[in-house]
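You will see two complexes here that share subunit A, one where it goes with subunit B and one where it goes with subunit C.
Coming up: the complex of A and B.
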């Protein structure tokens, strides 16, 4: 009897230690994946580097965004650490795109001694962590949480991406100015903050611009696999452009289902559409001709973008999306602000918070996702979106 | 003292042990917080742990004591979260004292959840076993859909509601409180560990008293043999409803506590997965075993956070640990070992 119990206990210990090994081996390739030349600069000594933390969905349905942001930030941190001067120590924690887990992840980072925060990658979790960073006086700059509630009423919360409402109105203006379509259909996800925020402002702006919306259909979590009803409605109403304010997974299904229906309008997406080309099991040919507004273009030929894209491809074997670029910019914006403020890593998070608020509201920053970016006191960034179209499986500038 | 305790019934002794352990845990944690020797990570989890404990204990009332499998418990939590927090926001200026506002919010949340429990109980409790489980599952999804499409705002003219799209047409003084898929934002964090502790204690008192009372015995009689219970004149519908509504009300209060701990809450948080998570707490802790539910809820809330060092393999390790714990707690050898360790049982055996 006792033997059985003992063997069960031993089995448990063994499985746990195996799992522990699994964890270790996972970390090793990730580390060796970082360019070997930078081994020396990889982990700056204690107290000499700014502790930079962020939460994002590293696992689960939205993992593509969290991992992209993490990787983009990691590349920036490695580059900056190799330059000398300001040093960073980056740590990302998984929040599975959930507010509760994001706060847990944030608290883990706080225990670690985080001085500067990259907020959270997705909107709702970032709203929750923004309340925490505000209460704890830790400065936060989110790469991609775009809802207005994220920054509302918080003086130390800044965004690197556009706010959702701006995306909606910018899309409507763009469509109307370029004459891309006259009869617009919208398919949106009515239980998603991001989708709803863009939809509402798009509709409001479209009404002002006399853009006719002929079909306005929704879907939600759980019924997001069959879009035949929505597409049939758009087709029946002769829509010549379909606006898709959503993330790329449902968009990929819409594109393939429209293709099998033989419906071929113009497609217009938003920055959540980014990532569709690298999605597993999706035929990029279906996304041919899809237009989207995004601040980052991986095919741009300026030195900074080329260097970043090459580095990202070398390390992770895929083309970086807008989230990676935003996170990369965040780290560089921090570098610029810290240098200008003369901040040192021995300062407390609270001291750094005051300095960063001063810097971010007064500085101008040039990054991958825009030139001459400025921030106002609400934390919103001002930069101009770029229109992109997918041609031969790659983004090409529209203008 | 020992004599006095052993003179009590076994179940009473067990209840006192549960109260004592919960109070002890609270005092130890509170001392750790005051001395600042607790990590922010654990400190941040205390309120959700309290909420999950209440959820587990209340579900245990339905599953363990009443013997009906409910897969929609998160639905009641959702009702409590939305109504309770909306109340707290509306009363922001009327009741400046945060703990009182939270208490009122919880009471309203519990009342609405109880109402939802009553309404759903009418059709559901006519069913048995698997059928009941499926209907509660559907109920949870309905609640999720309702809150995903409900808009509620307040302005100088009072409350405005709309469904599907925001047609509340608030004037300049108005604010939108429930914003459909956006849920509720800008919630003041008024939940505290002390409030959570009080709610856990209230839950235990309510559940233990119900289970120990005449009604509780009737409920358990229905669980053990419905026909026999009916034949001796037990009103099955009444007692089933009593357990179900109590369970729903407690879950509603837990929902308010949980939601008031975060600055934002969305309906999608209270989905099927959350219902199952709470069911896992109950099954792991043992059906009808309240102390077990408490320990399981606390342990399984902390576990995923404690496993963060496994990075990407975290949830896999969590699942493996869960399977092993389930196997271990159901191992007959281990069970008898545990039973021998328990002082009360040993005395009994010696006496025999």
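Coming up: the complex of A and C.
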């Protein structure tokens, strides 16, 4: 009998571990029938294209960002490959918004022979992969990992998005300039570098601008369902604007709980708020009037944006968010830099790394997310954010 | 008045913990095993109800019943496949298996329903038409001229909690099946000698526990409407803490532990620090367990050496 039990136990363990593996390596959520990977078939033959790799949360709670970035980059790669000239071969690996998994995913890409990296999509994993790309001398340009630690002390790590401190100070300046509120409450997530980074600089900038912060409360993983205390604190202190430097998932809970409390301040979010309208079953009326700073406006009427949005909608049936646009810009920035440097796909990652550092610190780039972008030696980009507001379930420019 | 508001928030959070803790404590009390997959059965229940109500527009009550049915079957299947073969194995092996089942359910949900968060519809609202013919949606009662608000979800959760607690106490002490369960929990071997079908009794326990998990899932997601494959895991762990706090194995203890944990958590946030609230909750737990190692209402059983 004992043997039977043992064999059953072993069988169970094997089934479970297989199932766990299945979940880990699954690259796209079950729902999206059409995956970018399927379109990779047009990729040029090996040796003639630059191997471009990146990691991002393609599954898990932050999957909306990873998939958006992957899809945006894929559209750019397909367009560039169709033009002739510089060719790319794009590969994305899943990191589930987890630093450890991101390093594993990065190692897979390194074994594949990645020459240029798109870093990671979210901050925490990108801090981990940035240390690896720095040690391996592979140039990396992240579409959206915005924490300062991502680029700090690494000469070959660049960002396409604003850095968190810039988001925080830009938000404070914007609120003060437009007179959106005088008494501000902040609710932030204290175990998340992204949220903390924005919070800290927002508070510092607000102090200089004489913007009163009347309530400053936090939450953390495992404690992110009930916000009644934080909201009651903001309400008791008469805050007329609540700043939410966080991702959209907790933000949606905050909005619905404030609504049931009958608390109705102005809401101001950051780029992590992008995506709230795509949640299944979310009542867009709750997000009415929510403002956010984002560098990309899918409703813009310039040719580049219209072409990109149309292509994205045709392929994936949804409106691209800022992450898709950032990743799209990353690929085009690479194209411009590679052409200017006269780089060829047979160069090693290390040679390309030196050329790219030279190019990125000296070039000016026009993309979907800004005109005349430049980078400084730390890897931070300079571009100006656009204020957006949600009206009738869609983003509208504030200016 | 703010104090009372915080108290109500605490009770509303605590009642959710309590209803999950009831399932934990029930299974532990009878099968003497910690079913760490309980939180994930909750998540499955919530998804079933979500799809029934949102996608197939069934009435909420049908959705809940369907979720209970699916979860009951799931509970029996999991017990049969994963736990029954380990009946004679050391309890540590069963514990690890339960953690494995928990991961299995989470990842299966990830594959089946994707990671994109869903917003759970709140069925606990009263719709009425006001004088101007506009539809008014009320989601709670207001007392003292609107200064105090209690949502219908909270009221429903507390009521359902108490009903379940009374029903379970009656069931385990009065019915034949319940007596069989208690016999199994005291001594499996002796129970079998007395003609009790131990396997069927334990399966029944899991069936009831998982059915309760479905109800808990629907209530959890009605109160806090974001639904993702990991929705059940953290409340599951908190509820396990609540069950230990109240005395694991004791049915009234689960209710008391859950409510206290919720109230302490909210008060710690409101009056001490939002940053340290979880640390304070667990510090209180440690102190209680130092003074009363069996939990608040747990029975102290002397070990014979």
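Definition applied: the second predicted complex is superposed on the first by the 358 of 399 C-alpha atoms of A that agree within 3 Å, B and C clash if a C-alpha of one lies under 4 Å from a C-alpha of the other, contacts with A are read in each partner's own complex, and residues count from 1 in each chain.
The working rule: a contact is a pair of C-beta atoms (placed from the backbone, for glycine too) under 8 Å apart; a residue touches a chain by one contact, two chains touch by 3 or more.
Treat the numbers as computed from the prediction; the structure is a model and nothing was measured.
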| item | value |
| --- | --- |
| Touched partner set for A:59, first subunit B, second subunit C, both or neither | both |
| First (subunit B), second (subunit C), both or neither touched by A:149 | first |
| Which superposed partner A:190 touches (first subunit B, second subunit C, both, neither) | both |
| Which of subunit B and subunit C A:307 touches, first, second, both or neither | neither |
| Touching partner for A:220 - first (subunit B), second (subunit C), both, neither | both |
| Which superposed partner A:340 touches (first subunit B, second subunit C, both, neither) | neither |
| First, second, both or neither for A:128, with subunit B first and subunit C second | first |
| Touching partner for A:108 - first (subunit B), second (subunit C), both, neither | first |
| Shared contact residues on subunit A - subunit B and subunit C | 1-2, 4-5, 8, 12, 15-16, 19-20, 22-23, 26, 59, 190, 220-222 |
| Subunit A-touching residues of subunit C, taken from the complex the two chains share | 2, 5-6, 9, 13, 50, 54, 81-82, 85-86, 88-89, 93, 97, 100-101, 103-104, 106-108, 110-121, 139-140, 146, 149, 151, 224-226, 228, 230, 234-235, 237-238, 265-266, 269-270, 274-275, 277-278 |
| Subunit A to subunit B touching residues, read off their complex | 1-2, 4-5, 8, 11-12, 15-16, 19-20, 22-23, 26-27, 58-59, 93-94, 98-101, 103-104, 106-108, 110-111, 124, 127-128, 130-131, 135, 147, 149, 152-153, 189-193, 195-197, 200, 220-222 |
| Partner subunit C, residues of subunit A touching it in the complex | 1-2, 4-5, 8-9, 12-13, 15-16, 19-20, 22-24, 26, 29-32, 57, 59-61, 63-64, 190, 217-223, 225-226, 228-230, 232-233, 236, 249-250, 252-253, 256, 260-262, 278-283 |
| Interfacial residue positions of subunit B with respect to subunit A in the complex | 39-41, 43-45, 48, 141, 145, 148-149, 164, 166, 180-183, 185-186, 189, 262-269, 271, 304-305, 308-317, 320-321, 324, 327-328, 331, 333-334, 337 |
